[in-house]
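What follows are several structures.
Shared between the two complexes below is chain A, which has chain B as its partner in the first and chain C in the second.
Entry: the complex of A and B
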C-alpha cells in the first residue's frame, strides 16, 4: 500500500527541474510508452508508465534506488509515440542523474567516468592498436586526447553528493 | 564536400572494417573526410550518471568542428545521436549553454551554433543524393537480400534528426541497399533495438533483445543483416554465438555494414572493405565479388 503522507510531493518538481525531466508533469498515463518498450516487453517489471506514476506520486527513494531505472536502452521509441511530449527517455536520464547524485549509480558508471577522464575514450588505444591500424592503411589515433581530465577531473559527478 | 570524421571509441579499435569501408565509399563519392586525431569520446557513456559532463564532452567535439568550419560526420549512431542532441540542447537551452561555455573556456574552446552533425550514411544521402550514388555503382548486387537494421540513434529522437527519415516507417537504408541492385527485405522485427544500451546493466536481457531479430532472420534466410552502428554490430555479430548458446539453438546470420555493401557495389574488393574482419561472413557475397 502506498501511503500518501509518506510520499515526497516535491520529487516531481525536482525531476522537472533537472535537464530532460521537464516533460514529467504532462503525462496523462496513456501507457503508449510502455506499449512500445522492448525492454518492458521482455522484462515486465520494467514499466515506463509505472516509473512515471511513482515519480508523480513522490516515491522518491523507491524510484531512485530501483535497479530497474538503469535498464533503459535509450532507444527513444517511447518518446516517438508519446502524445504528451513527456520524452520518457530524457525524463529517465534526469532521474538517473538524481539517483547517481544520491549514490545509487551502479559501480560500472563510476568506472566509465574514471576511464574517460584518464584516456578520453572507452577503449584503450596503444601501440598495438595503432600498429594494426597502420597495417590496414588507417591513420593513427591519439591514445589520450587532451581536455578530458580537465573536463571530468578524476571522478566526475558519479560520486554521491552530500544532501544539502 | 568535406566533413570532420568522428570515429568515437569503438570503431577505431574494434570495427576497422566499418572504418575502412566508410573511407572507401567516401573516396569513391569524392567526399573528403578530415581526421582530427584528438577527437575522443562523444559523451554518451556518461549521460546516465552525469549528463552535464556528457554535454561538455559533446560540446568539445562540436567546438573543434566549428573551428574548422566543417560538419561533424560520425560512423557510430550513438555518437551521431549524442552529438546532434547536444547541439540541439545548446541551441535551445541558453542556461545549459552558459554552463557549458564556462567549462569549455579554460580549454580554449567555444561553442558556436550551427555545426551540422551527420551520421555518415545520412551525410552521403544528403550530399551526393540517390542519383549521384547510383552513378558511382559499378557492380550489381542483384540477387542478394539484405535486412536493413536502422537501430535507434540513427533516426531517433526525430525531434533532433529533423525529418530526415521516419523512425516509424524508415526507408533510407533500404534505399541505399536497393541502389546496389540488391533487395532490401522487410521483416517483422525491423525496428527492434539491438539491446546494446542494456548490455552493461543486464547481459541476459540484452541477449534476449538481440535474439528476436536474429531468430527471425535466421529463419528467413538473408544474405546478411546490414547495420550502421558498432553497438548494433556488437550485439548481432559479436554476441551471436553467445546468444545461440543461451537459446540452445544454432544461428547463422551474417552481419555486414551498409558501407561494405555500398563499397562492393562501387567496385572495391572484399579485402579492401575489411570483410576479412567480419566474424559471421556472407560467404556467397564475398565469393561473387572476388574476381
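Entry: the complex of A and C
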C-alpha cells in the first residue's frame, strides 16, 4: 500500500530542476520506453515507466536507494521512442546525480571516482607503459589528477576520497 | 423484356478486349449509334461522356466498371470474365424497367429545437444553405450550459432573414424521416419539416453524481478556482479532482477539468491528483491542455475498471495502480469533481415503436459523426451528444447543415424504393429493418419518406414477400444478373458480392494493379452487404456457384448502421442450412473488409477458389 499523503510532492520538481530531468512530468505512462528498453529485456525488474511513476508519486527514498537506477546502459532507445519527449536516459542521469548526492552511489561508481581523482584516468599508466611508449617514440603520459579533482569537487560525486 | 445493347466506352484496363467479341459472347448486341432500349455501359455513370448520358436518360441502364471485374491475365481469360460480367449486368438491365416512382417533393423547412451555440449555429448554417428555418425552444438565444455567452450573443444578434424565432415553444412529439417529419410544437400545433436538428442547451451537473460522495464536503470546482487554496512547505495540500471516474466524461468537460487542475496545481504547496477512467483529449486543444497540466505537476491517475473505492464520503480514496501493481491510497484535504453540460433526452425519443433505441440512433460508428444519426434527416448536436463547446460545436452544426442540405436538395438522393402493394402483407419487416428509418406506414400501406432512402437495399433483402425494392436492386433484377453471368462463367464458379463501401474500393484497387482473378469468379457489386440476404446466397448456389463470398464492412463501420452484421447473420444462416443438408457450410462466407484492404480480398477469393477446385 502506497499512501500518497506520505509521499513527497516536491521530489518530481527537484528531479525536473536537475539538469537532464526537465522532461519527467510530461510522461503519460504509455510504456513505449519499457517496451524498447534492452536492459529491461534482460532484467525485467528494470522498468523505466515504473521508475518514472514512482518519481511522479514522490517516492523519494524508494527511487534514490534503488539499485535498479544504476543499470541503465545509456543507449537512448527510450528517448528515441518516447512520444512525449521525456528523454528518460537524461532523466535517469538527473536521478542518479540526486542519488549520489544523497550517498546512494554504488561502490563501483565510487571506486571509479576515486581512480579518477587519484590518477586523472581510469587506466593506470605506470613506468612499464611509459617505457614502451618511449621505445615507440611516443610522448610520455602523466596523470593530471588536479583537473579531475576540481571537476569531481563540483559534481554530486563529491568527496570521493572520504571513504578511500 | 427489353433488348439490351452494349455501349463500349474505352477505359484504362480494357485494352486488348474486342467489344464485338465481348458482346457476342455475352449474348447482347453491340450498339454503334442506333436506338437503345436498355443498355450496359462499360464505365461508371459519373465518368460517362455527357452526350451519352443524355442519350440514355430515362432508359434502364447498367453502369458497369468493367475493368475492375475483368482483371488481368491472358486474352481468353479476360474475354471470358468480361462476357460473364457484361451478361450479369445485361440480366439486370433487361428487368430494370420498373416505372419510375414519383416521389412527393421533400419538405424544405428545417426545425432546430434547442438553445445555445449548437442550435444557433445550426440555424445559421441551414439558412445560409437556403432552407427556411424554425428555431424553436423555451429561450433559443440563451447560451447553453457551457457555452461562451459572448459568442452566443453575437450569433443571436446576427440571425439570417430565413430564420424564424419561436420562443416559449417546445417540441412535444416527432415522427417521420427526411423530407417528411411531422412535429407537434407547443403554442403552434402540428407542422411539417424536411429535417430536424435537436440541440438542447443542457444543464451543468457533476460528472460523478453516481459516486457515494459527501456532497456537503465536496467543493464545487468554480468556487475553488475563484479562491485557489494553498498548503504549507511541510504539509502539502492534497486536492483530488474526479473527472469521469464512474463513467468517462465528455471531451469538453475533461478539457475544462484538466485546465482547472493545472491552475490549482500552481498554488503554493498544492498537489492535485486528477482521477479519470479515460483521458478524453479529443477536443480542440484537449491534448495540449492535458500535457500542460502534467508539466505543471498534476498527478494523473487512470482508474481501472474496478474503479475507485470511496470511503467516508470521499475523505479516503483507494485504488489499484496497474502500472506498479500496488494499492494506492489518498486522503485528500480537498475533493472536487468535474462538471459537464448534460442534456436530458427528449421524452418522445424514448418511444420504442416510433424511434430506434438510443444506442442504435447514435451508433458508435465513424459514419455517424457530424451530428448525423441513424435516422435520415435527424441530427443531434451539442450537450445531448456530448460534443465539446466552442469550435467543435460550430463544426458539428456546419456538418449537419451540409448533410441535411444534400438530402433535401436531392443532390445525391437515391430514388425512392417502390412497394408492390398487392404483394405486401403489411408485416412491417421493412419498417423495422430499415437502418435509416426511411420507411413508415400510413394507415394500411408502407410509405417511404421522400428524401430518407439511402438505397442500401436492406429492406429488399429482408422482405419475405419480395414486395419492396430500391430501384435497380430488386430481387428479380439481381437474380436475372446472377443467372446470365453464372451461365457464362467457367467452372468452378464463385460469386463474390462486394459492398460499395468496402469490397468495391478493394476491387478497383486490384484492377489498377491488373490483378488476375481465377476464371470462374463473378463479382457482383451491391450497395451494401446487407442487400444480399438469404435468398440471393442460396440462389447463387442453386445456379451453379460452388461458393459465395459476401465482402462487407468491418464491425462498427457500416454506413447503414448494421447492414454488415445483417449480412453476416444471413450468411451464417445459409451455412447452417447447408450443413443440415449435408453440404459444405464453408461454401458460403462473410468477409469483413475495408476499401484499403485489397490484398485481404484477393487472398480470401483465391483461398475459396482453391477449395472449390475439383
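Observations on the model:
Operating definition for what follows: the second predicted complex is superposed on the first by the 135 of 164 C-alpha atoms of A that agree within 3 Å, B and C clash if a C-alpha of one lies under 4 Å from a C-alpha of the other, contacts with A are read in each partner's own complex, and residues count from 1 in each chain.
The rule is simple: a contact is a pair of C-beta atoms (placed from the backbone, for glycine too) under 8 Å apart; a residue touches a chain by one contact, two chains touch by 3 or more.
Small disclaimer: the values here were computed from a predicted structure and weren't measured.
Of the two partner chains placed around the shared chain by superposition, neither chain B nor chain C is touched by A:65. By the touch criterion defined above, A:131 lies against neither chain B nor chain C after alignment on the C-alpha atoms of chain A. Contacts of A:116 after superposition: chain B is touched, whereas chain C is not reached. Partner contacting the larger number of chain A residues, of chain B and chain C: B.
In the superposition on chain A, contact of A:73 is made with chain B only, not with chain C. By the document's definition of touching, of the two partners only chain B reaches A:97; chain C does not. In the superposition on chain A, the residues of chain A contacted by chain B and by chain C do not overlap at all.
Remark: chain C residues 236, 238, 269, 271, 273, 279, 290-291, 294-297, 299-300, 302, 321, 323-324, 326-331 touch chain A in the complex.
In the complex of the two chains, the chain B residues touching chain A come out as 7-10, 12-14, 16, 19-20, 23, 35, 37-41, 45-53, 56-57, 60, 89, 93, 96, 103, 106-107, 152-153, 156-159, 167-168, 191-193, 195-198, 200-202, 205-206, 208-209, 274.
Partner chain B is touched in their complex by these residues of chain A: 19-20, 38-39, 42-43, 70-77, 79-80, 87, 89, 93-94, 96-97, 100, 105-106, 108-110, 112-113, 116, 119-125, 129, 132-133, 136-142, 145-148, 150-152, 156-158. The touching residues of chain A, counted against chain C in their complex, run 1-5, 9-10, 12-13, 25-29, 49-50, 53-54, 56-57, 84.
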